[in-house]
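Presented below are the structures under discussion, each in the form of structure tokens.
Shared between the two complexes below is chain A, which pairs with chain B and chain C, respectively.
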Partner chain A sequence: MDIIVCLKQVPDLQQIRIKRETREPVLEGAPFVFGAFEKNALEAAVRLKEKHGGKVIALALGTPKLKENILEALAMGADEAVLLTEPAFAGGGAVGTANALAAAIRKIGKFDLILMGEGSADNYSGQIIARVAELLDLPQITYVRELQMTNNRIHATRDLEDVLEIVEADLPVVVSATSELNTPRLPPLTAILRASKKPIAIWSPSDLSLAKEQVGASVAAVKTLSNLAPEQERKQILFEGDVDKAADELVKALQKEGAV
Partner chain B sequence: MDFRLTPQQELFKRTVREFAEKNIAPRAREIDQKAQGIPEEIIQGMVDLGLFGVTIPEEYGGTANPGEEMVYAMITVHEIARAELSMSLPVYTLLCLGWSYLLARHGNEETKRQVLPRVAKGEWFLGICTTEPSGGSDLANIKTTATKKDGKYVINGEKIFISGVTEAKKRGGGHLTLFKTQPELGHRGETFAYVPLNAPGVTTTLFDDMGRMGLSTGGIAYKNVEIPTDYVLGEENKGFYLLMEGFNAARILVCAACAGGAERALEITAEYTKNRNLFGTPLAKFEGISFEIADDWAKLEMLKNQLTKSAWMIDQWYQDQSSFTRKDINAAVAVCKLTAPLLCLDIAKHAMMHHGGLGYSKETPLEMLMRGVMSYVVGAEGGANIMRIIIAREFIGDVAIPYK
Partner chain C sequence: MSDKVDVVVIGAGLAGLAAAYHLADAGIETIVVERGDFPGSKNVTGGRLYLHPVRPFFPSDFWNDAPFERAVVKEKLTVLADRASASLEFSSDKFRDEPRHSFTVLRAKFDQWLADQASAKGALIISKNKVDDLIYDGGRVVGVKATDSELLCDCVVVADGALSFLAEKAKMRAARAPRDYAVGVKEIIELPARTIEDRFGVGAGEGAAQLFFGAITAGMLGGGFLYTNRESISLGMVVSIEALAHHEPHIETPELMETLKARAEIAPLIDGGNLVEYSAHVIPEGGIRALPQLVGDGILLAGDAAGLGLNMGITVRGMDFALASGALAARAIKDALSHPERNAVESKEGAQSQDSPLPAASLAAYTQSLRDCFVLKDLQTFAAMPNVLDNARMYTKYPEAIVNILEKMFWIGREPKDKLSATVLREAVKGFGNLDAVRDVVGMLRV
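So, the complex of A and B:
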């Protein structure tokens, strides 16, 4: 069973500072990592491979730094990697990214399952799965919290917040993972050291037979006008006097805010 | 020239940090409060990541990347120390890593096959045993002796302030131990060997220490303790030199523990002083506080650079002994060991003072660090004045050796 896992390189959210005056995020110095959902997708792929055999291919689009970042995916159990790091791919938004990923998946050719995170850790648009599935004319199963394979059929539990939906599909299929799907493994040192020996291919738009108009900034459908942290102001309400009364008032106030 | 960690080393560091923050840090206080108690599941988690094998070659069950053992060991100990400020687990780890490193290089094949895979699997403890009631710095004048009888060594004597006595007794393993095989030759008549703690004739006592309560310290007495000659590292009567070689590696890891603890204490105090308001303004606005933190940060950065360089030098030396002289390495490592314990103590003290009354309480992990690092300030793995003697000897010359 061959599985392709799509991974997005994002700045480490825990290391992004917010400028107090302008509420702008300071990305400088924040290292690139893979988002948590992507690691859930990768972990699911590696577990399926361990059970059913085959191989896992990590596919990622991002900066040239990806050549280093991808080591983590290879250490976690991906067998090989395909990277799209040419500057021509950058800034394409969901449209350009989906075009590039779908073309790369077509070039890889042989696969039974495509896995990705439910959304990226930075923008969380959640569009890539639908776009890639559509471009490849494949069925898609989104927001998956349980995943099994028996007799070449995928059984998945979808988390739709209020309800759980259990679905089945024939392979090949595109699946997106939620954080409930698993706990991604931490790679042991031997796996980290062996990861550097696994094959990495770097493909350009021309390798994928993609024209300039299909990737990069020119196809981006959404223009980001500003990107600011939400305003956070404390209300600084003090409930004084009798403790029991103050506690009641506090609970009422919290209920009014919808906090409890 | 390149001062960066490799992508593999970076990923390893990030992995160990994630493991340690999630699994070790929340239990540091528990480790410090429970005598001789490092939870088994923490040891197992570290084994799963290959952490006890970073200085042990793969053929002996380890995970070492040949030629980068010390750098990986330094990263491991640094990251564990950031999470476990009582210093119990960092010291347990660094002893196993440091002395496995020496055993892997100078041990007899049979001994390596017997000991190293068990250390890598986290089953056995491996430590160091040199200090005697008469002193720990003057190792040329130890009293423990061994005589050869029927192809075995028979050891008699007493050691003191030895880490991991209970651990080696309960888990298995033992200590690389220094004894005299030809007492009349002084340090040239000393031999260094692995001695299992459960060998017949070994008895132990325990100390009640001020810190790192999760790791035992005690005395070991040997009464006609027999060990096979296979357990000797290198050659008979060459033990003193091997011990000094091992001390360089061990000192780097001791300093990595101090640097890791100090780094975490600085982060804790930076965060606290940013948010703690006094006189209507954050504590960090007062230069009496922020300048002290800046000074500490600067000193810690210099230590980390010197430490990384020293670890790298040892890795280079084992691959190519023309890359550096032993003197270069002795001096570089002594600079680290002269600086690291006191700097860590200073940073712990400053951080406690920034926290005021809270710093004196057990609400923060800072006091654990202060108690734990004192073992290295007092002198484990070579006191500050011994480091000064080494540096003076290498820089000024032999005239600066006080005992010659």
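So, the complex of A and C:
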């Protein structure tokens, strides 16, 4: 079975800090990574391939740096990659991204299963699966924590917080993964080396027969007006002098706040 | 079948990345293995990079797009006594001449840029992976061992930093002692660009560097440093690990750091700033005495792993040595790989010899090239520096003597003042007119 896994390149959230004066996130210096849910999706795809044969295609959208990032996906077990790195794709929000992914999936043509994360690591709008499924006219199974395939049918357990729903579907189908689905493998050095020799295709909007109006900032339905960290009030009380006395005062102050 | 590449570089610091850049540029299949999350994530500098020494090792336009912080145009040296200090400030238009003399850098940013340059040439940089050991075949290094995998190669460039356990495992050097290292601690304090330019009296994009000696290290070998970045200040200190271990009463570097920050000479410079990063790192300070064996069969050491750091008293260098040694390692490997003798042997022995590591003799040009250029020449010239600097009088008595002279000169009290010359002479004799001081001056003349 052939599986397409959609991956979004995001800045490593652990490396982003907040500028105190403006409360803006500082993205400079933060390296790009794939979101955790997307790695669950990729791991699930690779496990299905290992069991049932076929191939895994990693389809990713992001900056030209993707050429390096994608090695991780290829090392984890994807057989080939399709990258959408043209600046024209950028800033399209859920609408533009879904248009681009659906068009790329159509161009890939042959597939039995499409896997993606339940939401992206940065915006977590969770819209892509529904939009892509709709554009491709495919059934969708979201928030999947268990996934098996028997007799060409997908059996999935959906995590709906208070209930678990077990569903079945014929292929092809679009599935989104939660973090409970699996523990993504850490590819060894040699796998990364071999990954660097796997085929990578880079497609532009025109390769996908997409017009300018279908991707990029002009189609974004949601406009971000501001993106600021919540305001944090610090008490900024310093207890000085004799350590024992200062410690007592600190404990008293904490008790007064109800913190201890 | 085992995987094999031409060269494995261990560590994506300046030495490793410089080597990878040049190796890949020569068409040599190169893999850099970095244990941090990304190149630069674990690397620390004071810091400032002196560019002139390394320019000959890179294309002339190489540095044009480098993410430097500020071009240093002002140098300040401050000697601190307990309650007073004396500073010498030096600025020169020569520092403004193009190409620039030195820049302040932040490694998290700078190393990622350098990694991009190496990647663009075709080197494969793999982060989040640690090389645990080397693979040997009859005493020769033939590859590296990482988690769940082994990778063979013709040559390993060990550039895994100051502690370099791999160099030790490969028996390229003996186990190191505390006296071979200093510890550096640094805070990055964010301030608006304009505030930095106003406080240090520099123009837009220009920066200052300041070094501190004296009371702040409580008699221990070391000093403080301050570098202005674009929108932050790097403030820190370097102290000998051995001195710290033997200091009575016991003192921790963070305490020294707090004392430094509270000094009247420094507090106003960082006032209102936002502490965004705290880091600490070991620094090789063994000098030429602690130099390891640099070359073995199938293996080379570069950068801090090779102990290429130098405390010259008024400047601490390491990054320029790292870049140059990486470039020279690449050159030696390239020459060794393309040596007609090697190729003759390979064709005679057939495919088998494809796995043969580069013999130490074929890499010996590396050690020689380090001797021929500034790297080992400077280490040699300043060979006596560690001894001269390791002297408590340098950090306690002499700073006091210097500020005493100046205090007597500048202080106007009720009493009539002596002649200036008499004051200076009397205080100078008091501070420096003894056998120890004469001996120390003679010692200093050696460097």
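Here is the rule we use: the second predicted complex is superposed on the first by the 231 of 260 C-alpha atoms of A that agree within 3 Å, B and C clash if a C-alpha of one lies under 4 Å from a C-alpha of the other, contacts with A are read in each partner's own complex, and residues count from 1 in each chain.
By definition in this document, a residue touches a chain if its C-beta (ideal position, glycine included) is under 8 Å from a C-beta of that chain, and two chains touch if they have at least 3 such contacts.
In this text the structure is predicted, and so the values were computed from the model without any measurement.
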item: Three-chain arrangement built on chain A, chain B and chain C clash or fit; value: clash
item: First (chain B), second (chain C), both or neither touched by A:K51; value: neither
item: Contacts of A:R17 with chain B and chain C, given as first, second, both or neither; value: second
item: Touched partner set for A:L193, first chain B, second chain C, both or neither; value: both
item: Touching partner for A:G29 - first (chain B), second (chain C), both, neither; value: second
item: First (chain B), second (chain C), both or neither touched by A:E68; value: both
item: More chain A residues in contact [chain B versus chain C]; value: C
item: Identified clashing stretch of chain C versus chain B [74-82, 92-100, 200-208 or 326-334]; value: 326-334
item: Chain A residues contacted in one complex by chain B, in the other by chain C; value: 68, 71, 186, 188-190, 192-193, 196
item: Footprint of chain A on chain B - complex, ascending; value: 7-8, 10-12, 15, 18-19, 48-51, 53-54, 58, 63, 65, 72
item: Of all residues in chain A, those that touch chain C in their complex; value: 12, 14-15, 17, 19-21, 28-29, 31, 68, 71, 186, 188-194, 196
item: Touching residues on chain A, where the partner in the complex is chain B; value: 68, 71-72, 75, 186-190, 192-193, 195-196
item: Contact footprint of chain A on chain C as seen in their complex; value: 3, 5, 31, 33, 37-38, 106, 108-109, 112, 119, 124-126, 128-129, 144, 146-151, 190, 192, 274, 276
